[in-house]
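Here it is, the structure in full.
By letter and in written order, the chains are A, B, C and D; residue numbering begins at 1 in each of them.
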Amino acid sequence: MNIKNKKLDLNEFMQIRENVLLDWPTGKEVNLEEAFVFQKSLPAHLSFSSLLADAKKNQYILIQPRAGVAALDKHIELLQYLQDVGTADCLPSTIDSYTRHKRFQEAQQGLEESIVEGRSLLNGFPAVNHGVSGCRRLIQSVKVPVQVRHGTPDARLLAEITLAGGFTSFEGGGISYNIPYSKNISLEQTIRDWMYVDRLIGLYEEQGISINREPFGPLTGTLVPPSISHAVAIVESLLAAEQGVKDITVGYGQCGNLIQDVAAIRTLESLTQSYLEEHGYTDMKITTVMHQWMGGFPQDEAKAYGVISWGAATAAFAGATKVIVKSPHEAMGIPTMAANAQGLMTTKQVVSMLKDQRMPLTQELKAEMSIIEQETRSIVDKLFELGEGDIAVGTIRGFEAGVIDIPFAPSKFNKGLILPARDNVGAIRFLEVGNLPFSDEIKAFHAQKLQERAAYENRSVDFQMVIDDVYAIGKGKLIGRGSKGEQQ
Amino acid sequence: MSHTIVLGVIGADVHAVGNKILHYAYTQAGFFVVNLGVMVSQEEFVQAAIESEAKAIVVSSLYGHGEIDCRGLREKCIEAGLENIKLYAGGNLVVGKTPFKEVEEKFIAMGFDRVYPPGTDPKTSVDDINKDLASL
Amino acid sequence: MNIKNKKLDLNEFMQIRENVLLDWPTGKEVNLEEAFVFQKSLPAHLSFSSLLADAKKNQYILIQPRAGVAALDKHIELLQYLQDVGTADCLPSTIDSYTRHKRFQEAQQGLEESIVEGRSLLNGFPAVNHGVSGCRRLIQSVKVPVQVRHGTPDARLLAEITLAGGFTSFEGGGISYNIPYSKNISLEQTIRDWMYVDRLIGLYEEQGISINREPFGPLTGTLVPPSISHAVAIVESLLAAEQGVKDITVGYGQCGNLIQDVAAIRTLESLTQSYLEEHGYTDMKITTVMHQWMGGFPQDEAKAYGVISWGAATAAFAGATKVIVKSPHEAMGIPTMAANAQGLMTTKQVVSMLKDQRMPLTQELKAEMSIIEQETRSIVDKLFELGEGDIAVGTIRGFEAGVIDIPFAPSKFNKGLILPARDNVGAIRFLEVGNLPFSDEIKAFHAQKLQERAAYENRSVDFQMVIDDVYAIGKGKLIGRGSKGEQQ
Amino acid sequence: MSHTIVLGVIGADVHAVGNKILHYAYTQAGFFVVNLGVMVSQEEFVQAAIESEAKAIVVSSLYGHGEIDCRGLREKCIEAGLENIKLYAGGNLVVGKTPFKEVEEKFIAMGFDRVYPPGTDPKTSVDDINKDLASL
């Protein structure tokens, strides 16, 4: 294995860079020195880092949508609407799936057809095709910071263009944008490509331009137990920090059980902080983001509002710095501008109403936090062990060994042995632990929790339980019970 | 009778959850399932159908690009000599919440035999497939 | 004062009854014996008592809308829709304001105009005008129990007609449907008139027909501190029990601070139970109902969904037996059928998702419960003292003395000295305690809580704070802060 | 100048909260407020206006029957010799969420000078009243 968690040599970086910029004609618009000047010229209210720091300090919760359409004008209109009507505190540009797979030619075709048809045929904003100048027009049309949100295994050109274009936050990572988002790309490849992205951001940091980095927390969005996503978030934070990233927002997708979710957000912040410090990255700014339920949604809009609100309430009780908002159209398709703003307004109402209420540190919460901590540490520590101290190497070996494993992931580089299911109060537990390096005690804990539920429902602990749980929220429940114990 | 069907998620689409559940449901229903997983090209679908002598291709598309990705699949099947193969499509086939009637017409016009709205219970299609393949 | 908390003599009751039935021509349709037969003929699934008992036993939460239009056919259509599409577990018939004030002639006119115009000009269902036969047609058109919800100071004829008509639950009480709902009617009058209603229900109980009674918990719906509404609920339960009522659902309007709301629902049940037992009513069935936020709503529907959902979540965490649901049209007008069903569906999604999560009994919760208990007991015990053991007499004297006092009430029989305001975490405290018989310790507690907030906001504790709090939820906040500490 | 205005909630309506706040707001704004509270009949409004020599009557209706309750108020004022009195109405004037334009037209036709949609900030009307009464 020819990889190391080591800051990329600047010359090497610059060599790779030449090729990266050739991937699509807009690459040649990027000039780093000029980009630094441009970023420095941006007003403070367009800086994601500043906004996050302010929210963390003053304990309010930022709300952010997902949004992106093909045409630049329409995309600007969309973001302005979400800012003005939706009262979004910060904005995204969600990138289309062709761009995510560097199929820039198909993206171009989709973009052109979209302009002709007057509706977006792409499921996001093709930032690379719009180039640096297009991005700058966008950034200068809004009043709040804008982040690149995507799902791109190789995001090097995308990062070059969008950062030069004035975006101040970049989502993703070598694991979180590979395993849930691709099939055949090796982790070695994506970790390496994301080192490039992080190194690039490090260069901006060296210029005093703080660019926020957000590992993608929810992974496959479907019943991911907190320790799994925490482990990934911590690894990606360590990798990013090594390349010079200073401002990190670690993420988590809401599970639905309040105590588990609060415990998850609290431990996510403390564990990340602690691993970074242990490894010598002491000047980091850490914040958290909670994603409202990322799995299947109910089709009915009124019901979707219920799910959205519960996500908002959870973020408030947990004290997340930011919450990513779903829309009432979630189950049906990419939301209209109006539906997207509605999700935001519902969320804003709830997070502002609950702003001053935090969950106190009860026995139950402590216990849940301790479980998550133990599990996360056993995974991350095992990765270090496998990598003989190198977390990049360890992570690749870890995925090979199934020591870290993501449920429902499409990637062939993921072992796919674990199965999650909900316990009798809806917390997500392990039905199959696969090769996760958990203690017998922890394994017994999960088995017992699921047994409790199975006994209550008078059924067996099996794959049907997993399926029922995958469908549950879409069908108006949290736990996919059989007939027993259900409200009609 | 154990029909062979080819299953997959077309295009650059990585939504894997529904695919895993469809695989399970179709297997439970007695089909022999050739599951190509996610990110499957039209060529791969056709190739797999030829190799497995499948009578039906079940295409999922969730991420919104289904319209672009599915165009020409029927023609590719015909070129490859699969004149009679049944084509099914389901998922969130287009970008945005759209009246299903419109989507259905669009995909029928492209040569699909049946089209299903978002969140269709796999069972619905099991019955349809059994009916359609019985008549072949 | 010529009143006593004593079961009405049957002869006396029958004498009064003759006159009551003369109030409007439909009164003569009522035949008690025949009504018993009819009620007994109704299937179990139309019984409110049975449904409440089942929900309490199996720990799920019933959802119920408010709804009523003038014409019978339209009202039936409305209720069927709320049942089928809205998935309401139980139904209401909300009575129009003319009927509430026994202005049956105006109700008749409104009803007729409504039929002509094809839209409801009345704000509810004029059950008296529709008579026993109209009510029966209604009850037999639906599949779940139906309750009379109103706000009627003198509900004697309304009760006669609706109970004979097959309704199985009746909301209200001599205090809760007087002080918030009228201006010039004495408590002596309404308590007496409600003894009649309770006695009537007692007669049904004697026949083995259990009719549920629900004192109206939220009172004026606006920043009512829990101990105030608890005291009223307990008094009305005692009065009802004396007349032979056996099945009581005590109510409470959500305040918005989760711990306070959970504490309120838990203590409401335990205190009611304990007072009833202390006074010899030992065979009572007690359940609870929580009303989603009863004060001013935000006008925007997406924001209203947020408020509705937060109410649903609170009901679930508290473990209320039933939750009364608002609609996204709340701030604007009586909801359309569709909007009403939407509020229900949002609520159903949230209560079923959270069905298995209850708030554990933490230190904070215990402390809040203890405050509510102390306050409530000091009020109720003082009322007994003033009444020399008779709670009817004591209540009337208590209102005169301001020993019990309801904020923002229109009645001139209410002292109106107390003022509520939110503390720094949004719990409702007393800014003015008026003549409430609280210990110095409790008074100091409230003063200190509001001081804390005032210090945080750098303002003074005054009437402007109350006004700001009245507006707050409508404006997207819980606490009506000045500029300080607000999310923009 | 300290204008005298009559304030109240018309009909069988008991919504008292807004009335208490309007009372406070109008007093703060320097008006002399004759507040009749809730459940006020047309006759009581007219009588109070005569007795206090008020220049304006501010009617609230929240509960939905405003349309029925307000009909004829203008005529009663005229009969009582209050030809020039200004009539204002606000609150949730009709049953159900209704486009405000329709409501406004209806109440203007009934003889009201100004009509306000649900949840209007009292300040808005203070400015209007000052303007209207200055010109009397």
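Quick note on the criterion: contacts are C-beta pairs under 8 Å (C-beta built on N, C-alpha and C of every residue); 3 or more make two chains touch, one makes a residue touch a chain.
Here the structure is a predicted model, which is why all the values come from computation and not from measurement.
**Student:** Counting one step per pair of touching chains, how few steps separate chain B from chain D?
**Tutor:** 3
**Student:** Hey, how far is the Cα centre of chain A from the one of chain C, in Å?
**Tutor:** So the centre of chain A lies 44 Å away from the centre of chain C.
**Student:** Could you put a whole-Å number on the gap between the CA centroids of chain A and chain D?
**Tutor:** 54
**Student:** Could you state the distance in Å from the CA-based centre of chain A to that of chain B?
**Tutor:** For chain A versus chain B, the centre distance works out to 30 Å.
**Student:** Going by the touch rule set out above, which residues of chain D reach two or more other chains?
**Tutor:** Not one residue of chain D touches more than one other chain, so the list is empty.
**Student:** In chain C, which residues are in touch with two or more of the other chains?
**Tutor:** none
**Student:** Let me know each pair of chains that touch one another.
**Tutor:** Those chain pairs satisfying the definition are A-B, A-C, C-D.
**Student:** Please name which positions on chain D make contact with chain C in the complex.
**Tutor:** 11-14, 16-17, 20-21, 24, 37-39, 63-65, 67-68, 92, 94-98, 118-119
**Student:** Spell out the residues on chain C that touch chain A in their complex, using ranges where they run on.
**Tutor:** 58, 60-61, 89, 256-259, 298, 300-303, 305-310, 312-313, 317, 341-357, 360, 362-364, 424-426, 473, 476-479, 485-488
**Student:** Tell me, which parts of chain C touch chain D in their complex?
**Tutor:** Residues of chain C touching chain D: 97-98, 100-101, 103, 106, 110, 119-123, 151, 180-184, 220, 222, 295-296, 299, 329, 331-336, 339, 408-410, 463, 467, 470, 474.
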